[in-house]
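Two complexes, one shared chain (chain A), two partners (chain B, chain C).
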Partner chain A sequence: MRAGGARLGAFVDRQLSVLFVAPAFVVLLIILVGPFGYMMWTAFTDLSFALPGHDGNFVGFANFRRLMHDSFFWDSFFLTLRFVVAAVSIEFLLGFAVALLIYHQVTRRRLVLTALLVPMMLAPVAVGLIWKLLLQGDFGMLTYYLRAAGLLGTDQAVLSDAPLVFPAIIAIDVWEWTPFVVLVLLAGLMSLPREPFEAAVMDGANRYQVFRDVTLPLLRPIVALVVLLRSIDAFKEFDKVFILTGGGPGTTTELLSIYTYRMNFKDWDLGYGAACAFMVYLVVLILCAVFHKAVFWQEGRVSAPAPEPVAVTA
Partner chain B sequence: MRKHQTSTQVRYRRWGTAGGLALAMTLGASQAGAWNLEDAAAPYRGATIRTIGESLPPLEALAKLKGKFEKMTGITVEVEMYEHSEAVNKVMLDLNSRRGRYDFIIQPHRELGRFVENGHLVSIKKFMDDPKLRDPSFQPEKVLYPRLWKEISWYKGKMYGFPFTALNMFTWYRKDLLANPVEKAGFRARYGYDLGPPQTLDQYRDLAEWFTRPGKGFYGTAIQGKRHEALWYEWLNFLYAYGGDMMKTASGSECGPIIVNSPEAIAATEYYKGLMKFSPPDTLNYFWDDVMALMQQGKVFELIMWDDATYAVAVDRNVSKVVGKMGFAPTPLGPAKKRVGQVEGWTYLIPKYSRNQEAAFLFIQWMMAFDQQLEQHLNGGASARPDVYADSRVQALPYSKAAMESNEAAIAKPTIPASPQLTDILVRELSSYLAGSKSAKAALDTAAVEMHDLLGDCAPLEYPVP
Partner chain C sequence: MSRAWRAAMLAALLAVLVVALTPYVWIILTSFKSRLDALADHPVWLFTPTFAHYPKVFIDKQYLPLVWNSALVASSSTVLSLVVGAPAAYVFARNDFAGKEDLFFFFLTTRMAPPISVVVPMFLLFTAVGLTDRPAAVIIAHTSFNLSLVVWMMRGFFADIPREIDEAALMDGHGRLGAFARVLLPLAAPGLAATAILCFILSWNEFLYAFILVAFESRTLTVGIPGLVTPHGTLWGQVAAVAVVATLPIVIFTMAVQRHLVRGLTFGAVKG
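Entry: the complex of A and B
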């Protein structure tokens, strides 16, 4: 009887838990899976708001075949990859250095962190507008100082000069997002246990050895997380660059997101636009998988040769 | 409403067959005398009609004028104002969702083909033919620039609305500097002819070169070189002046052979880039707002610019330092040796999904009347009515003559469904050329091939690309 009661209790618990989880699940389905499924379907149609007769007829893989041969798409794709690699590498190296500096040297961290967080708190659109004004070629403050310092010719303007624009948008992204890297890595550093460091110092390790053999391995999951988050974000970059350059001059800053925007909302070629958007999603998915694997592979390698706990053998 | 329309039409048919011409004319005249807005609007009293357009002086003027119409008719008019591309995007989404949020829309004329070919609009002919709605004193075929009306608001021989604005581009220059004796003497010594307003593109270039003084922060001209539609519009002036065009067609609603990579077009494009030397360093980041600001601040000698921006430079002392110093002239003559201008404008249209089409028509018709057109024009609009330009108050504006001459020489641009995509292709290629990524020929060849791919057989390449 008591066993039956317990079984009933467990059954009710299970049903109840399903009931409690269900609303969240339904909301997720509606706002994530639904639109994604619809986008996938659209990618296989000829839907266009602009061209007559393109009412969403099924066209198989035609959009994906077009995409394979679209040189502008691939130019944008590789430009975006270059942007991600350059921006995230600099942000990570700079962010790590600053985080270590603050961790080891700064006692009044709260003040420094508050100041550091300002760029991150701004809306990306505001960042774009601020930098547009700073770099304006006639009266921009930064333009003035760059010219005064001899770093920019009087006949040059950063956003009008094709070779300068791409490094400029990377620099602005670094300005905006390095504080985020600093914050996460600093939190990681502060949460590390003290014992391994003390043990290493007792064993005679110097500061570099401690950093390489203790700090870095312990911080690995945090590093992977921050690089992953930044890479995904940088891959989707749109607002700032769109406001600063609109993708120009020419196609020098036409990131994949801007290209996709043009297809969808300038040309209203929604079928093809959906195929482009799907590619962005696919890349982000691959990035996630690769980083996830990398973290697990490292963890697996470290934990595999570890000796059996003493308590069990005794 | 529909019931009445039918009975009226039947009545007219009877007159036509039985009464003969004289009787019909007499009755027609008595009908004309009888028509008034209050009576025509009576069935729609209490209705609310909503519209959408670009947040600029012409629409602000409409929003101020509408109160008079509301008082006379009891119809409420709601106006939504947005930035250019947002005004277009919102309409695109509304039409495709078939919600009928807007009872009439104000849109760039280049969108016309998309709307018509996708079946989103009603032809206004049915309202024009309805004596209950049509004000007999409104004769658009007589009072509008016929060509501008046909290009801005007609598609494939059918009328869909009336021009909200008939815009054009022409030369703005600093006439005060042309009167300076030191400049006159120096210019004559260097170029061998007298300093004066630019009549030809060669003179336009010389003037740009002469007045470029970077040390003083003053430039001969300023190219609208940002990757933006403004670049394409500006380039068209030079293309037309060289005798080139995008396609060989008689009207914007036609598809035809692509000539955008003709030798004339390549020469025009190279001339255009040549002006970059006489523009400020940030010129590849400018669109119309930026160059207008440069002129307002007195930092540039000459531009080819829009008439709806002229008021803020030539008249409004609150925002301009150069009031009284400006001269205006049509676009200089190029190698084609003919006067050129652009057909461009926003047009009133009535969506099929509108639930108040008749009331919307009455409002549009009322806005097209002389008094409203004059008021709107004087407040920064650009009327499509020559009689508005003839009014003494309009004539007193320093740019009216140049605007009128440009309107008369206006060249049509594509309004077919793919036309905004054609623009996008050209903007990208021209921007790449200005940025130095490719030659003018390579850029225009790429554009021509892409335009052909988009339009198909109706648009063969007149200048094949190897």
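Entry: the complex of A and C
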């Protein structure tokens, strides 16, 4: 018995790597790769819970051909791209400005960051709800101030006004996620080595030159990281837009996730819905590949260059 | 730098903070407002608070079990992810083997998977095996993103522990398993705690998986929110009360893990 236990112990020790990694690998394989494979299969069938007789017969590429000619799908696709580009650029520029502001002006950063963190840590559904309340047409707090400032007509409501609603969901995304950009860029700024800055100042560079020639190049990997992470997440946006507008009015805010949701769980057109879901997956995979190349190509990962990185809350 | 410039910068920062916090403060205020104050045609900032909405929605409308469901789902998926993920993270931090970085990147892509694409087939598969409207369905779904977060975050925390500690533990006669369980894991406890809290937050806040996979008894708090918002006659005081209960614990948790937040949210790429 004892010898058996020792042998088992020795076996565990020898094979520790495999025994430790295998469970995580297998679990992910089952709960992610499994559904992915099933989605691929469904995309080649006519499965539908709404149409009689459509119980998963193989239809080849029919769903993908339909996808190519589905103008609603492509409208939604380009709407999502516009959403990602607009939201992420504003978040990045604003977030960078605020990060620099905090970096240069604030010594007690912890308090400021704690306050800033609130929008990004709230459940996205709650974020949608909060802004729905603020933008209510008849009693919304923000509606009232926008009207008082003459920015909104008395009969207009932001969330039901086609030209206004898309900029509004971008603005709300900016409100929610700019803090994330601030947090990551600030951590990046604080982990930069001091020597290049001292050298640049010795060479007589002014503040702008230091920023352009030293800060920006050193920060480049972290900038790439934050922009890509935000782009991937923004492309997947669902929760708060679903609560705020449900994709409407009409299809003015029907992002790709919401369109895919509608195909699957409103129209119950599951074969076609799987093809849509696959397209969303494909775009995210491409973004992931860019992410891999841009961020993890150099020495595996971007670690803080300073020997002892300063905690962001110091 | 001139004092005027500095004053302007601080004013700008103050404006940013006001914009960041006001919407949240507003929903907290709304949860204590009478119907008349909440629906007034001009914003009411000062009012006599009412505490009626909380018991109304959580007791009378039976939203209390939803809090329990959220807690159950979040803690189960957190524990599951840690138990399966922490050992893998340790191996990624310490051992070298062929294809390690590729395998590691595979873990990242699973975290990036778009929920809408995963939930569609998950829904079909769970329906086929009769697993819908059970907490287990959501726990499994949430483990899909929390597990990779654990592997990513804990790799960094294990890597921070000097290798000499492993060697000393082996010298003391621990096997490698013993060294991991009795020496490394306790040393990584603060990181483990931070990772656990972040997993809990992500699961607690998650909406889409839970929304598709459970409908009635097992609804989580986030899934309960849309049901309260109707085209007409939404009871905003009650909606706000649910929103506050759904978010306040998270805001407090966030402060606890603030130090490790950057690492967690950037997959360990930035240490923070």
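Throughout what follows, the second predicted complex is superposed on the first by the 274 of 314 C-alpha atoms of A that agree within 3 Å, B and C clash if a C-alpha of one lies under 4 Å from a C-alpha of the other, contacts with A are read in each partner's own complex, and residues count from 1 in each chain.
As a convention for this text, a residue touches a chain if its C-beta (ideal position, glycine included) is under 8 Å from a C-beta of that chain, and two chains touch if they have at least 3 such contacts.
Since we're looking at a predicted model, the values are computed, not measured.
Set against each other, chain B and chain C differ in how many residues of chain A they touch, and the higher count belongs to C. Of the two partner chains placed by superposition, only chain C is touched by A:Leu122; chain B is not.
In the superposition on chain A, A:Leu51 makes contact with chain B only, not with chain C. With both structures placed on the common chain, the touch criterion links A:Thr107 to neither chain B nor chain C.
Judged by the touch definition given at the top, the superposed model places A:Asp138 against both chain B and chain C.
In the superposed model, A:Ala157 lies in contact with chain B only, and not with chain C. Once chain A of one complex is fitted onto chain A of the other, the partner contacts of A:Gly273 are limited to chain C, with no touch recorded for chain B.
Within the superposed three-chain model, A:Phe265 lies in touch with chain B and with chain C [touch as defined at top]. Once both structures are placed on chain A, chain A residues 138, 265 are touched by chain B and, in the other complex, by chain C.
Chain contact summary for the complex, chain A toward chain C: residues 9-10, 12-13, 16-17, 19-21, 23-25, 27-28, 31-32, 34-36, 38-39, 42, 98, 101-102, 104-106, 110, 112-119, 121-126, 129-134, 138-139, 141, 144-145, 175, 179-180, 183-184, 187-188, 191, 222, 225-226, 229, 232, 235-236, 238-239, 242-243, 257, 260-261, 264-265, 270, 273-274, 277-278, 280-281, 284-285, 287-288, 291-292, 295-296, 300-304, 309, 311-313. Listed in rising order, the residues of chain A touching chain B in the complex are 49-52, 72, 136-138, 153-157, 159-162, 245-252, 262, 265-269. Residues of chain C that touch chain A in their complex: 6, 9-10, 12-13, 16-17, 19-21, 23-24, 26-27, 30, 38-43, 84-85, 87-88, 90-92, 95, 97, 101, 103, 105-110, 112-118, 120-125, 140-141, 143-144, 147-148, 151, 175-177, 180, 201, 204-208, 212, 222, 225-226, 229, 236, 239-240, 243, 246-247, 250-251, 254-255, 258-259, 261-262, 265-266, 268-272.
Remark: chain B residues 89, 92, 96, 114, 117-119, 214, 217, 225-228, 280-285, 294, 299, 417-418, 420-421, 424, 428, 431-437 touch chain A in the complex.
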